[in-house]
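We just call them A, B and C in the order they show up, numbering each chain from 1.
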């Protein structure tokens, strides 16, 4: 076990110094031999910090000699092929079709390169990545992981800086601040945002609002409660919020605490959840329970979505996925759904949108760095990028100015029909945050993933709502538990 | 008179029996019906049992737009491979534990079971590292090996129990007739053990068919990915579940198994006293 | 003298043959599982950060913290309740249904094959379907019960206690009882018909025949079934995690859920290994006592 640990460390501190652009030795399947991968990286365009004697260290000479002799061997004369492995947690059939297109065009433009797409999942990636890092078989590129996962890996020194790719795509083409959450310092980014999601929009049935005599969607908590109360009844529930022991509840209550003007951690990452604002948030969340279906104590994202799209609730909280699902599963109400940023406790509290900033990053030590960076940049090329967006319109929002303004992007039924909603989600997501970065003043919280996955916040909600425990006491205990995680 | 009574008995009993079976496999019925419905009928309130229009679009999409068939092929290879290996090793081992004597025999069986008391979650990464070291990561063989080690102790214990029930004199009788121990094993013991072997094979195949955790970590490549992780990563994510495709996939994963198992049931009853009507 | 020597050497030969037959099993163990097993036990003495699998020595600190935490003991209690509950149902339903399917009925092979459906359905799909059927808005279960007049409001099957634990136990029983059915059915096939005929001639009724003939014949295989299913049910993770996540609060949290949470949510592989080792020790104690009791 120890040797593995030491090996892993050694591997990460080895410089990727090579001479020439030659790749020898076919990379067959998924896992790369640790030694091999060092010899296989092409000389990168950025300066090699460890190249002390102007590019010719003894190691590089040896490597060069090896490369030269290998190139003289018959079986390496033929066009040597490289394989890039790409992991993603988002691979529904529509998205996969978009990826296939991007892979096809990339392979056509770069003969000799093959891109292998390997699915992973939201539940699986922690395990799979841990195994891959430990075994030295990292993929070249990973996409769609949330920002707090990226922060975690970067903090452990497992990722490479992503700035070359950002420059290749065009620093100015990104929405301003699109990659702010991945910025480490002036010229280092751990990753880039691949697409935005505004995950906690308030979705309302405009026809039910009208029937209840309300002229516009609620913007404060009082208005929300009143609206839900008026629309509740005769087989319709006012709201669909989760009160379960799961990550949906955790992520949503974080939003509510911010909408009450509070925060989980302070800008310097001291625990700040034990506050009046959080008490207000919990009490309000508790009070909304009576408008939610009885099974809400076990609801997850799927249920709060289908509760709304099936027409059973007047409001819900979700991302742009609602538009796609409503049109597929319940077209009758498709004309009557609209969204806005989730209400806050008072007009002077700014809305707080949950965006996990699905990322694209390059793990350290996977090899073939140059071509990987090229492929990473390729993912943002408008033809393929727009296909990616169109695979989940409204749910995935573009981060490139050139795409947002392009007519091809707008050439999609959902995006056309729901233009105001899409625009609202777009601006909400751009200003979005998550537990890893709660406000623009906050430091990056690398323990955000651990806090979310530990279930502490969901448990907090359940204690207050199901057990009727006093919010203050529960918050005090919760604060201690969060502190323990921050210290670990 | 007796014949007619027996006949009507059988029909009444079949109705009762089938009611129980259908109640238990009701979710299968629900799955099949849902997979034939268009997406607009997924979340109707109140729910509809029968589809108002039958569509095969989900099956078509599944086969044409996804690597479902590749996953299916891999799962079949996994299940068959694991079952064959496990049944062979466990049958020989069980026979050894029951009919032979050597030092350490008693504690061996218990020891083998003791190693399985750790939950798989903590075994995953070390096992994965072992596979990488041996150069087998990302291959079906690594999964077959992993599944074999998990199924083996259970298979061993089950078969041991079945074989212990086979009377010892059968073997002795065969040997008096001049057979060696191994010949006696193949000619006499094995046929008697068939019901036990079939049930062990069944549960081993199901274990390999259903296993999710190790398949997720040991296999990354779509070419060798089995159904469990393939279907899940493709159709189930936190913000979205592709219900119709999932139901179609689940039906396609289940129905062939049911047909295969129905055939195997014949062999389950081939022992002695097969098919006799118990009073 | 000569006869004895010959028999000894024959015994010795048979011992060797016996050892050869069990050798593949031993080989599989020693080469594949021993390393991960020892690695897991070893890791429990460290504080390990999962993504890098690096850490430092803490000795028995992980264990001390765990045993002092109320959460561990509550999870253990839940684990025992869950295991005992679902195991009993699996046994009762399993034996009853096996007996039922042993009788002659139309399309018996298909029926026996269909009964396996819960067992071979992937756990993730099974959970999704059950959650769908349990759903309070569009779930078929609530609607059927309301239509039949048994309920007038939908029930919260999974989100409150004791519903959550009861639902879990039932769904666990539904999922795993076919294992009992198959094994018991196979064993029933090898009970000689002559025993029943003799008993019938002696005037024994159905129930008496079951108690006096069937049950004793099943005893050995039931002992093994109970052992195997207890181990499996005790370790069960997917079903509980996906159905309730351990909620409400921690009323359905079991030890395997703690292991997973420590390993991959909190990134503490050392703690996770410690919980796993404690689980193993608990099961070891149970197994040893159980085997000793059933040996005589």
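We take it that a residue touches a chain if its C-beta (ideal position, glycine included) is under 8 Å from a C-beta of that chain, and two chains touch if they have at least 3 such contacts.
If you're wondering where the values come from, they're calculated on a predicted model, not measured in any experiment.
The pair with more inter-chain C-beta contacts, choosing from B-C and A-C, is B-C.
Chain centres were defined as the mean of their Cα atoms; on that basis the chain farthest from chain C turns out to be A.
Centroid to centroid, with C-alpha atoms defining each point, chain A and chain C lie 37 Å apart. Inter-chain centre distance (chain B to chain C, centres taken as mean C-alpha positions): 15 Å. Among the residues of chain A, those in touch with two or more other chains are 1, 4, 127, 130, 134, 306, 310, 312.
Contacts with at least two other chains are made by residues 43-45, 125-126, 232, 236, 241 of chain B. Multi-chain contact residues of chain C (touching two or more other chains): 39, 43, 53, 137-138, 264. Those residues of chain A that touch chain B in the complex are listed here as 1, 4, 29-31, 85, 87, 89-93, 96-97, 116-122, 124, 127-128, 130-132, 134-137, 139, 197, 199, 247-248, 300-302, 305-306, 309-312, 319, 321, 325, 328-331, 392, 395. Interface residues of chain C facing chain A in the complex, by the touch rule stated above, are 39, 42-43, 49-54, 131, 134-138, 153-160, 164, 244-250, 261, 264-268.
The touching residues of chain A, when paired with chain C in their complex, are 1, 4-5, 8-9, 126-127, 129-130, 133-134, 152-153, 156, 158, 243-246, 293-299, 303, 306-307, 310, 312, 449-450, 453-455, 458-459, 462-463, 466-467, 485, 488. Across the complex, chain B is touched by residues 11, 14-22, 24-26, 28-29, 32-37, 39-40, 43, 53, 97, 100-126, 128-130, 133, 137-140, 143, 174, 179, 182-183, 185-193, 196, 200, 206, 209, 217, 220-221, 223-224, 227-228, 231, 235, 237-238, 255-256, 259-260, 263-264, 269, 272-273, 276-277, 279-280, 283-284, 287, 291 of chain C.
Of all the residues in chain B, the ones that touch chain A in their complex are 39-40, 42-45, 61, 65-66, 124-126, 128-129, 132, 137-138, 213, 216-217, 220-222, 225, 229-230, 232-242, 245.
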